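Contents: one structure, followed by commentary.
Chain lettering (A, B, C, D, E and F) follows the sequence in which the chains are written, and residue indices restart at 1 in each chain.
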């Protein structure tokens, strides 16, 4: 069995950020499973500042979760620099 | 007695994500209990980028709660990778 | 003396979710205490997808607080499954 | 010297909720210090479902902070019921 | 060297709240560095209930961060009243 | 190999705030990779109070993550002043 989302753990902050973007998009995909509809909507919202900022907001919420899950990618896991 | 929501604990992140979607929808259902009305609204918001992003945002907030409840699905439960 | 809100502790996640809905509505009630006005507004927002999603968002924020207050309804209270 | 906001600690959840409402309003007051303008705006947003829900959202965010500050009004302060 | 933001620590909740307002405004300033444009926008959004509530929301998010940074201004720093 | 985002750790709160702005913009960039489109949108949203506040909101969410990752830039890392 495969899964699109096996873990919240990523090697680096950058990969954690990419996962946040993936999670934000996946919720859209699960609400609107029809790819044809999404293909019509994508160029619209990608050219609208309000919706780009709204999408960035969702990424920020997911990134907060992923960063906490990874102990902020620091050695001691409680947020203090090494 | 049965309950639609017995626990926040899920075996995997993916199932946690699905629970987040369920919680986001359940709040809509409890605010608008009339299924006929919801059936009219669903195709509208599922074809509107602004509302899809807004729905994705609600999923992100619930997913944060579920991920914390599951100790981020890591062994030590505090967010550090195994 | 009675209070409408004696505790954040609930026996189950489902009751915690219902409390989250109650808190979301109570803030509306305290901002617009006139029941007649609220009775006019309720059918409007309950038939508008944007506002239903916005209401669901508020429920999600309160549910996060309630879930943390209840130690996610797990035995050890720190989010790790039993 | 007096202060409008001496502490986040409240005896009960209900008083914590009232403090959350106060903080939400205080940020509006500090952004628009002119009471005359606020008196014109208040009946408008109090009769608009979108804005009532948005106001309820701000209360939810402040309530999360206040609830954490009060250890969720539980004995052990970490969110586990007594 | 000076900095506009040396620390998250404030002596009192009230000063923490003022810092939250400052951070909310600073992000606007860094996105729109032209003071002339900001001077035109300020009276507009300060007279619009939707935007005042949105601004109050941003303050609430920053205040949550600042309150946590200050241990909620309690002696033990974990949110339990003294 | 280089990365645009090697760490959440910053020496000071001010640099943490700048990183929050960078993360908010990076999510927009990854959703709309076409620089020409972004160059058209930027002056629009930078002159619109609603969008400036929305952008400030995203910065606030990222800043919360970054502040936690840095132990709020305090010695003990749990939010209590030194």
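The definition used in the following text is that a contact is a pair of C-beta atoms (placed from the backbone, for glycine too) under 8 Å apart; a residue touches a chain by one contact, two chains touch by 3 or more.
Predicted, not measured: the structure shown is a model, and the values here were computed from it.
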| item | value |
| --- | --- |
| Joint neighbours of chain F and chain D, given as chain labels | E |
| Proportion of interface numbers common to chain E and chain F (over half same, under half different) | different |
| Turn needed to bring chain A onto chain B - CA fit, degrees, nearest 5 | 60 |
| Distance between the centres, which are taken as Cα means, of chain F and chain A, whole angstrom | 15 |
| Chain A and chain D: spacing of chain centres that average the CA atoms, whole Å | 30 |
| Distance between chain centroids, defined by C-alpha means - chain A, chain E (Å) | 26 |
| Multi-chain contact sites of chain C, meaning residues that touch two or more partners | 48, 50, 54-55, 57, 61, 64, 68, 78 |
| Ordered ring members, chain D first, chain E second | D, E, F, A, B, C |
| Chain E-touching residues of chain D, taken from the complex the two chains share | 3-9, 23-28, 30-32, 37, 41-42, 44-45, 48, 50-51, 54-55, 57-58, 61-62, 64-65, 68-71, 77-78 |
| Complex contacts: residues of chain C adjacent to chain B | 12-14, 17-18, 20-21, 46-50, 52-57, 59-61, 63-64, 67-68, 72-74, 78-82 |
